[in-house]
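Below is one structure, written out as structure tokens; the observations come after it.
In this document, chain identifiers A, B, C and D correspond to the written order of the chains, with residue numbering beginning at 1 in each.
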Amino acid sequence: MSRIGVFICHCGENIAGTVDVAAVTQAALDMTGVVHAVDYKYMCSDPGQTMLKDAIVEKKLDGVVVAACSPRMHEPTFRRTAEEGGINPYQCEMANIREHCSWVHEKGTPTTAKAIDLVRFQVEKVKRNHPLVPIRVPVTKKALVLGGGIAGIQAALDIANTGSPVLLVEKSPSIGGHMSQLSETFPTLDCSQCILTPRMVEVARHPNITLYTYSELEKLDGFIGNFKATIRRKARKIDEKLCNGCGVCQQKCPVKKIPDEFNEGLSNRPAIFVPFPQAVPNKPVIDLANCTYFKNGKCKACEKLCPTKAIRLDQEDQIEVHDIGAVVLATGFKTMPVSNFSEYGYGKYKDVIDGMKFERLASASGPTGGAMKRPSDGKTPQHVVFIACAGSRDRLKGVPYCSKICCMYTAKHAMLYQHKVHGGQATVFYMDVRAAGKNYDEFVRRAVEEDGVKYVRGRVSRVYEDDGQLVVKGVDTLLGAEPVEIRADMVVLATAVQAQNDAEELAQRLHVSYDPYKFFAEAHPKLRPVETNTAGIFLAGTCQAPRDIPETVAQASGAAVKVAGLFSQPELTREPIIAVVDRQPPPVFSHCVGCFLCKSACPYQAIEEESIKNRNGDVLKVVAKVNPGLCQGCGTCVSTCRTKAIDLQGFSNEQVFAELMCI
Amino acid sequence: MTDLKVGYYPGCSLQGSSRDFAESLHAVAKALSIELVEIPEWNCCGASSGHMLDHLLSVALPVNVLLKARKAGLPQVMAPCASCYNRLATASHEIATSPATKAQVESVLQTSIDKLPRVLNVIELLAQVSDRIAPKVTKKFEQTVACYYGCLLVRPAKVTGFDRTEDPVEMDKLVAAVGGKTIDWSFKTECCGASFSISRSSVVGRLGAKIMQDAVKRQAEAVVVACPMCHSNLDLRRGEINQQLEHKTDIPVLFITQVIGLALGLPKKQLGLGRHFVPVKFPAKPLAPPTVP
Amino acid sequence: MEALQAKARELLAAGTVKVVIGYGKGTGDTRRPIFVRAVERAGDLVVDAACTQNLATYLTKAEVRALGRMAIVALPSTLRSILQLAAEKQLREENVLALAVIDGGLRELATFDAIEEALATVPDALSDADQKLIDKLTAMSVTERRAFWAEELGRCVKCYACRSSCPMCYCERCTMDCNRPQWIPVASHAIGNLEYHMVRAMHLAGRCVECGTCGKACPVGIPVHLLTFFAEQSVRRQFGQKGGASAKLDYAMSTFKPDDKETFIR
Amino acid sequence: MVDPFEPKMTAFVCNWCTYAGADLTGTSRIKYQSNVRVIRLPCTGRIDFMMVLKAFSRGSDGVIISGCHPNDCHYTSGNYHARRRWMVFRDLLDFVGIDLRRVTFSWVSAAEGAKWAELVNEATNNVRALGPYKEIQQLAAVGID
């Protein structure tokens, strides 16, 4: 026989002003199982809570109903109080007689009657509550950072500096990402390499960071605190320990004419190569698609000539499995393939290039050593036209969103050009200049006012060649919408930022949700920007949305803090409001028949198959089992279960049924 | 091979200024066993003036045409005139996307519009039977030409959904199919002045000049079009055009149907080649392939 | 019929299967399920128009399975049951061998793929009678329908024959038997009966193979099968998924499409 | 002189959107009729169709079912599963002769306090107009548990 205590709160006048609390108290006393009922001005106040605690002890209560405000407001409070009073916190329920009653109905008998009903519901429910213990799951204090661009680098360093080991996985042969390709960075024009390479080296040296370049995440199983990451380490075909990065192999490699990815195809590289001089690690990799030996079995020049005998042509990919507690996704972006813009003649005319190519042209470490030479004939372009929004904010042929960084880097490009080519002229076609950021607008103004960059507000309809010169045909919407034609020596397209090609596939593998443009989705657009809907997986950088370096770094540090927070406790404790599959004594073992129709209903892949075996290990029955680490307690499985073998703690069939019986 | 039955919407031009287009179209259609079924009692498509003056009218007129076609059991309708094509396409797009307009039109036409026939332009139609063309070629069209699309065939993309809006290539493919070479140029969809041909022919002269100039510069021996408006502006208005240029141009302007007709070895008469203002003649032997920039 | 008996002898003799679940003579000209375990009893097997029960029900019965690999004389609906049971992990390929009776012919189907293939040719339309009844009901006013079912279900004695005869009602404990809480009152009375049959329909939506055995089993002749048929059709109409179509699980009621179209949610 | 009929309304709502929305109705002091009794569940995915049947057999004259809008589910897809269940269940209710005007389905987000009030009022008024659900109550009257 239960001993329930009911505590009715006046909430000052908020409740008492509309509901006849005395009547509610009286009615509560008449309910079966209720041994104690009082009303009080402010139940949540200190005396109110003390009153509840004392009652639990004095009246030997085994369940408590607090009739007050919304459980979304004070359930945690009163459950804690109940616990202090000596009963299981989950033996406390709240009847919402404020938000759902006194505040929304007129004073009068029906309202009081409703309040009484609401109390009765909870009394009946609490009678069927079971003591619940918070779920504790262990945490593997090791983070996996996916992607070695600036976002990944920052996140990895910040986590590593809190003392937790980090596994940094980058799919290309070196870390550094897009940032390593940039010449200077806005709005300060400090050289990208100069600020990035120290960080890259720090990553390589950091005792807490294990760096896997030229590697990919194959599979991620498990759940927050307890992931299992399967990683493929692609064969570089060299022994990294022996290789000292002398570079002989690169000089001797007979294959020379492979477009260099790092220089955006503006220069060539051999088949065995280090992506760029400051690469981390500074070890070469063999490009199997182009290596003579892997194409027709002959050559081996590198193997013969390597002074440290580090070449391993027979090396195979390696698969490793790591226990991981948290994951930071920092897989970055790609720029829109310019083939979308045949009218701009990209691909047709050598001197129509995109932003990344321009970065390499302008970069001191680039193919031209930073000298402004156009791709076609190496001449110095006297007039360069920059086309902003090549694909961004273009519902028809591009993407509807703003790529955010183009306005700034285009201004930077124009500025760099003006600095490098005196007497040259840069013209920018734009829709709007979006320069929201510290010192950003000042930067753009500088480009216009000090460096004399021409800004034309209007779109470009076509770029074509006439007498070997590019003609840019557009409109100036600020000068009476006059068509303008500019004869230019080079055209630079500020192409849209897009999600990586494999973003969707990766998101599905990780059960992370993503937006229509395949950018990974944050858990809440305002308040949980670095978390995903999958507990334990966090976001950093442009894999979530287009953003610039400062924002990326800030977000990466944010993600790192989330990881550090997760790692700060010995184990995770979670609300025990989860589904459980019943277990029965033999020969039934469980009412579950193992049809697993619940499996596909679970949004969290929390339902597993458990084989019940006898002593000899033969399987007697295969039944469902809910992984408490994964289950979030939505209860969708419960309502799909025909045998009612699954139930949801805290909202069990019995509890809800009991409430229904009070209707 | 089985006949391809297609609804045919002549519109006003093909009966007047562009009879040559009509003639060559019919000749080619016959040769490729396409049955052009003229839509019974077709009415004006509402081009040039109609759609400027009254929006409802501009949708109702074409829809009425399409409804007649559907009544005649025609799943697709081909409008050779680019303006007509654009009107018909725009109207069916509006019906598909704006329930309000649909309701309005239904009320004025006193009928319910469920499914409208698909609207085609002449290039789309020929593309459908492109496989029939090559085998029938008797006399390769060994000329280098500039394919000029104009605006109405490809724009607006969400309406026409035809080809690459900014840099169309379908006509080039057809020319290639009959052995012709097409130049790579940037005036494919530039404005020819359209109906200014009547009101302000000087404008047409100025715009046309740019187009012809570039075509000639890139060694085109003819300009190929699929639109009566384009044709008359580049052909009929060659006088005005040449006034703008120091090097006069004398290269002919052909309809795509005429090009194909020639390749199929159809008699010049059937192709209405005699009706042009700029006489249709080509240099004795084709020039060396143009140097693509 | 001879073909079947011969095949049964062969299978049993060779030990390929331990039991052949088939039809035998019942009282009068009815047919009843028989379980042939010995070669000499194979002669008892009958196939004719009177064989209408879906025998798949027995495939999940412990006492039958205990015998070993089962061959089963299968109507198209039986084949669908086999696939659905497989999809729900209740049946493995090596457990069962289908002797399919498809328009007169006998076909031995050893694999689920073979069954799917065989089914592809079989139209899965309801019998005219059933379809007519459903149409008649849907044409009625809601009040008339309520009256109809009140009358029909009023006769239900909760004997659970429908449940026991249903190949998909293999649960060891049914919602009906669940007493904490007592979702469905044990006693047979109007509201409980309605709830019971609603539960059956909902639980079979997307799983029903439309054999109609439940209806045939009802001692008081309630067309209970119409409820499951209707639910199944509702699923098929709205989601394009159907019960018993494949051995791979594609259960409409625990999957979804973000753009499922409904008109009634405000 | 008998009292005018006041319908018994039972609402099944999810904790994260509609319950929160109803809380907002309260905090913004928007008044609505007091007939409704809310049963709070974590997610619409948890709303077993059995509960709706029970609500009626226990004498509810009308039922309201509400949760997060598609795409906003706290549990990412519970409401999608619920929607499917309702799509079939509603068909079936109609087929067995339950008056669909007594069952209201809705999406009410945590921000839609006003919508909740409207929803409850409208549903309550509709059911009040229909009168007590005698048909079912008679069935039930035969005696349960």
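Convention: a contact is a pair of C-beta atoms (placed from the backbone, for glycine too) under 8 Å apart; a residue touches a chain by one contact, two chains touch by 3 or more.
On a predicted model such as this, the values are computed, not experimentally measured, just so you know.
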{"item": "Most distant chain from chain A, judged by the mean position of its C-alpha atoms", "value": "B"}
{"item": "Between A-C and A-D, the pair with more C-beta contacts", "value": "A-D"}
{"item": "Most central chain, Cα average position", "value": "A"}
{"item": "Gap in Å, rounded to a whole number, between the CA centres of chain D and chain A", "value": "37"}
{"item": "Where chain B and chain D are represented by their mean Cα positions, the distance between them in whole Å", "value": "60"}
{"item": "Euclidean distance of C-alpha centroids - chain A vs chain C, Å", "value": "47"}
{"item": "Computed distance of Cα centres, chain D from chain C, in Å", "value": "34"}
{"item": "Multi-chain contact sites of chain B, meaning residues that touch two or more partners", "value": "none"}
{"item": "Chain D, residues touching no fewer than two other chains", "value": "49, 54, 77, 81, 85"}
{"item": "Multi-chain contact sites of chain C, meaning residues that touch two or more partners", "value": "175, 183, 253-255"}
{"item": "Interchain pairs in contact, sorted by label", "value": "A-B, A-C, A-D, C-D"}
{"item": "Complex contact set, residues of chain A against chain D", "value": "70-73, 96, 98-101, 103-106, 110-111, 113-114, 117-118, 121, 513, 533, 577, 601, 603-604, 632-636, 638-640, 648, 650-651, 653, 656-657, 659-661, 663"}
{"item": "Residue ranges of chain A in contact with chain C within the complex", "value": "588, 591, 593-601, 622, 640, 642-645, 653-654, 657-658"}
{"item": "Chain A partner contacts - residues on chain D that touch it in the complex", "value": "6, 8, 10, 15, 19-20, 22-23, 25-27, 29-35, 37-43, 45-49, 51, 54-55, 58-60, 73-78, 81-82, 85, 117"}
{"item": "Of chain C, residues touching chain A in the complex", "value": "88-90, 170-175, 178, 180-181, 183, 203, 249, 251, 253-255"}
{"item": "Contacting residues of chain B [partner chain A, same complex]", "value": "157-158, 164-167, 184-187, 190, 214, 217, 293"}
